[in-house]
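Next come two complexes, and both contain chain A; in the first it sits with chain B, in the second with chain C.
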Partner chain A sequence: MATMGFCDDWKSGQSSSVAWTEKALAAAAADDLNCLTLLDRQRCQAQSQEVEQRMAGGFNGPLVGLPYVAEDAIMVKGQISSGGSRMLANFAPPFGAEAIRRLDQAGLVLIGKANMGELKMGGEESSYFGPVIHPLDAARRCGGAAAAVASDIVPLALAVDSLGEVRRQSAQAGVVCCKPSYGTVSRFGVIANVSSCEQIATIARDVKSAAALLSLIAGHDPKDGTSLPQESYTYDLQQQTAGKKVAVLLDYQTGDYDRRCLEQGVSLLRQAGVEPVEVKTRYAAYAHLALTVIAAAEGCNNVSRFDGVKYGYRAPEYRNMEELYCYSRSQGLGMEVKQEAVLGVYVLAKEQYQAYFQKALQLRRLLWQEMEALFREYPLILTPLAAGSPYLAGEDRGGKLSFRDRFYTAIPSLLGLPAVAFSAGEDETGLPLPCQLFGAQGQDGAVFAAAAALGK
Partner chain B sequence: MAYEVVMGLEVHAELATNSKIFCACPVGYGAEANLNVCPACAGMPGLLPITNKKVVELAIAAGLVTNCQISSETTFDKKNYYYPDLSNSYQITQLYAPICRDGYVDIHTSQGDKRIGIKQIHMEEDAGKLMHNDMLGISLVDYNRCSVPLVEIVSKPDFRSAEEVIAYLEKLRSLLRFAGVARARFEEGSIRCDVNLSVREKGDPHFGVRTEIKNMNSLSAIERAIAYETERHIDAIEWGEPLIQETRRWDDAKNASFAMREKENAGDYFYFPDADLAPIEISPQWIQQVRAALPEMPDRKQERYVTEWGIRAKDAALLSHSPSLARIFEQSADLCGNPKEAANWLVGEGLALAKKHGIAIDDMALDPEKLAYLIRGVEDHTLTRANGKKLFAAIFSDNVDPAAYIKEHNLDASVDQGALETLLAAIVADNPKSVADYQGGKTKALDFLFGQAMRQLKGAGEPGEIRRILEKLLRPE
Partner chain C sequence: MEKEKFDLYCRFNKFILEGEEKEELYSLVQWRLQQLAPLAELDCGDTPPMVYLTSLRQVLREDTVEQTISRQEILACAPEEQDGAFVTPRVAD
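Up next, the complex of A and B:
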């Protein structure tokens, strides 16, 4: 069957969608990492049986019948889609994400929703449903979707890569994340944070499966005005990587941890017949600042619709309209979301607009030009993804560390570039050393193929 | 001291589309609350705006009829504020790259002709409506109007009198209606107006302190508000009281303007580009297509009525003012072949009846075929002018069938020529004194005989023809 060769380790010899689904359900029920915010037994059992019937009728395709989880920011019709927030903890939308619709059609089975930082604005400690425990070290934190794949609950996951946190979390959990060029996957039905940057990314044990999953959800959607016109995408992972020039950005060698990540990445490249070249850029080290300003502005605006008036959380007591707004939002939203919202209002205020938001847009343009020029010589760029090991419990409270590591993940988010995140090796405690490869817009296949050539 | 009032206008007009600007919901005036609503315009997360192409085309048309430059690329921005009738807590509008700029509208007032500059026209979405129920102590929101497409037409500060403001608004309404851009009806809120007003000493090159009177929706309210606000400014200047730059609300019932609450005057809307909407490219070809599809505009119509049809300038202005009236006029003129008569009936009878019954000119619904039938009847003397008026009124208010109405009410003035001559001869024979008077030079005697004839004919017969026959009978053999 066509599903052969995908996620084979996870399948461990089983060959029916019903069996895979039961396996995932059992693992999800035993989950002690707090990966999932919702498990929909009925929906997925019905779905797996239906898929079996379709397959009996000759239906087939890559990944058919396999279970997956979707991050809670990706909405499912009639199912609670909270985005990790108290504000939406009772919100069941009357429509679902385009990506979910496409996977329903492709015959994949949605097990449930993955835990996440609140509304993508908050870091590892910010979910209303509590933090996710790291699958490789119980003292540390992770993202729900990455942890669900890393702990083998499911072989596949969808997550919204907003500021790069999904790439970082995946690579640090030892799994692979494929983030496509901006405009590849419809954002319809995704609870928005940074509208101009975010894309649904796919997570799997290997690039081959993650890229296959991505090709199922990618393609033009008239419901998303920023969706690119291309109707469908396939990624050729066999294309030649050896002999290509890869730039290693010196801007990201700031400490022991990121240097070690890079060393590992570089040695993988050499093994694959690629000679990396060290390059210093002018603007890369500012990308995270531009991204932070734009993210705060867009995020602040995107959460302003959560006001307690129409749906979601409403304060039980209020005396007038102002109190309805203030109490609903102060009780319904967490501290890190509020921090972002305040920052957003600050950078957009008349007095600061020029100095911050305008500057951020300018920086984005300059960085775009610099990267365009760089890609003409080096089609691939290698960078580390974090300044240190996954966050210890409580360490990221207030979002300081996730802000710190945005430094490494910013460029593909800010410029909408395709990227693949993976573990380049292990430190002495056995924790993965996270790296990413990224390339020019539209070069998704070449980027994923390079990671595949590294054995990922 | 002589003062001068300086005003600029912001006019919001609802675009005449079938669906909303960023979702597929229908647009309808007077629908049941929250009927024309989908998750997108109700402000749910996960939905993305998709621009209605028709909106862009109508905005281009609005720009063309007001002589604007159309931008080759235009973008949307988000304006942020919290209010329950704004479902997303932001309004999608255009700040940085509006679709049209630098146009003008020519107006005519008692002071002569004047050109009013247009600074810009931009597209935006409307907000819903909040209804307070004081008895129950609750507020209810209706999102039907959320995301209904609007253009905001921003004038330059070129107005110096309320008369100019009214003339401009009438002209603008007429242009938008003719171009099919907007229904532009004050009474249903599909056109609204904000007035920016300041007062200065005549000759002073600097503007005075500006206040903005928001959201007025009738011409008479605008006129009263301008008078009130001008007076208030002059009083303040004369008494040396400070004027504050602020937004004010016009209360038509109290006939006064009031400062809006401080929050609504805060003034920072945290504008920034909308990342969900790609820039819209407008090619010269697209503009040309919109231009080619535009119907004849009122100025051109007025000119043509005068030069080609010989209509009086004043009547031509009235007839070309409203698209529906112009259509009735042109069609009935074509059908009866007598534009002057069509104009006389519509201006003389039509407008008077509309006024009498309190019907807006735009709502006048006269069947041009019926009007043409009436005009032809009067022309060939089968209908007297007096009976024509009766018929006109009946068509106007009850849309009667003219032939049936004439028959039913015995309005047919056609009289057999032989019978007419016999009857008149009898009258002449019965009144020898009048005949003698007339023949003796007292031409007034003819009027007496004519009166006798009219009485006996009870309105039938054509008066000119009757006089002609009488004169022939009275001529000495």
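Up next, the complex of A and C:
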């Protein structure tokens, strides 16, 4: 069997899925970072025993038997899938995500659900279950899936890359996040936020493990209308990266922190024999604005389904149907979700439609054209992923900092491009400096291979 | 965004907000709109809008009767159910 980099290290010499699962369960039980919203002992112990039996019968694969967590926006049949929201805090869906089904089939063991910003709309402070403490600095915040991998609870995680916060959180926690091209992984069973952008991404300590996990969930799913026709994906991480040209976007040099991230990223590229070329674009600096408008427009429609009738939170007191809707939604949804919903209705209203929503969709095309032209010359693009260190406790209340950092993560989200997020080095306090590489749609393997060539 | 418009959009969303929460939300939305101003001012000419990143296809199943999710499974998620149906307040007198 091929070696799996960090996943092999994580196994600590043990060769049993039951032992790996028990190790993860013990670490999860001791978790003081608030990484997980749910730990399903019964399900994962039964699953690990079943996998063990299959392994005894000759079933094998690079990640077979390993435990993982899934962000709480990825539904598991019969298991609470809250999306970090009070609205869904008691919601046990009657069907599960296609990605989970595929990992069940591939013999991986789901130990629980990872904490997240509310419904993928809110930032680090918005989860109904409280914020996640950063694994490298207790004064700071992180995302649950990234923190679970960074603190070695599990070697692997699934998370929904919606606005790119999962990439930023992963790289700032010192782990790797692989985001596939849009349409590669089924969104069936994902609690929707920005339907035209979001994809399930994978998180691990190294690109090799994250790409291997991705190849298990990627492939056509007839249940998802946006799923691409290709049946399966394998990512060749051995493909040549040295000698390639990489565009380093100068649009993202706005301050000391992002400049340092880029410098570290460029230094890694040079060490790997890649030629970095500084490039300035016309539209990149607007991408986060277009993404914000599209996210609000799609998000307000996606949250309109929460009405307190069919599933989810229902207010305890109401006198009529209108009050049932209003009190359930007002009490069940948090401040940042409300903000997105109000903004969404605003940008879609007749008076503002042309100035905001139409403009955002036009800008998306202009960016697409600009990136297409860039990719003809440079197959890869390097950018930083944040304007500053992971947020201090309370700093992101209201989501202003998450919005600020969307500036760096927006292009791959908005255009459905493959990306890999990683730490390019450390700052003076030892915290990772986050960077990402991204490439043209469908060039997932080349992007992941380039990050692997950087030693990630 | 004028306060009246904000109130209207809150009502569209079925949000009832009062006091500090309402003020905080209003100020957050206003802040966000200020950030979005450069987009509204950008000249995109007659560029056609780009809605989808892939060519969407309608997902249709074979026209055969099959069991998907049972009524019981769906009702198990409901905040309140009775006699095989969702319970809501009266919608007509």
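The rule is simple: the second predicted complex is superposed on the first by the 450 of 456 C-alpha atoms of A that agree within 3 Å, B and C clash if a C-alpha of one lies under 4 Å from a C-alpha of the other, contacts with A are read in each partner's own complex, and residues count from 1 in each chain.
Simple rule for what comes next: contacts are C-beta pairs under 8 Å (C-beta built on N, C-alpha and C of every residue); 3 or more make two chains touch, one makes a residue touch a chain.
Predicted model only: the values in this text are computed from it and were never measured.
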Partner chain(s) touched by A:N302 [first = chain B, second = chain C, both, neither]: first
Contacts of A:Y356 with chain B and chain C, given as first, second, both or neither: second
Contacts of A:V345 with chain B and chain C, given as first, second, both or neither: both
Touched partner set for A:F95, first chain B, second chain C, both or neither: both
Partner chain in contact with A:A192 - chain B first, chain C second, else both or neither: first
Per-residue contact with chain A, leading partner among chain C and chain B: C
Contacts of A:P222 with chain B and chain C, given as first, second, both or neither: both
Partner chain(s) touched by A:K400 [first = chain B, second = chain C, both, neither]: second
Partner chain(s) touched by A:Y325 [first = chain B, second = chain C, both, neither]: both
Contacts of A:K310 with chain B and chain C, given as first, second, both or neither: both
Shared chain A surface residues [contacts with chain B and with chain C]: 93-95, 196, 222-226, 304, 307, 309-311, 321, 325, 345, 349, 361
Complex contacts: residues of chain C adjacent to chain A: 1, 5-6, 9-10, 12-17, 21, 24-25, 28-29, 31-33, 35-36, 38-40, 42, 44-45, 47-54, 56-59, 69-70, 73-74, 76-80, 86, 88-91
Touching residues on chain A, where the partner in the complex is chain B: 75, 81, 83, 88, 93-95, 97, 187-192, 195-196, 222-226, 297-298, 301-302, 304-307, 309-311, 321, 325, 345, 348-350, 353, 357, 361
Chain A residues within the chain C interface of the complex: 91-95, 182-183, 196-197, 222-226, 228, 286, 289-290, 292-293, 300, 304, 307-314, 318-327, 329-330, 333, 335, 338-339, 341-343, 345-346, 349, 355-356, 358-366, 368, 398-400, 403, 415-416, 441
List of chain B residues in touch with chain A within their complex: 39, 42-51, 78, 80, 82, 84, 87-90, 139, 141, 268, 270-273, 275-278
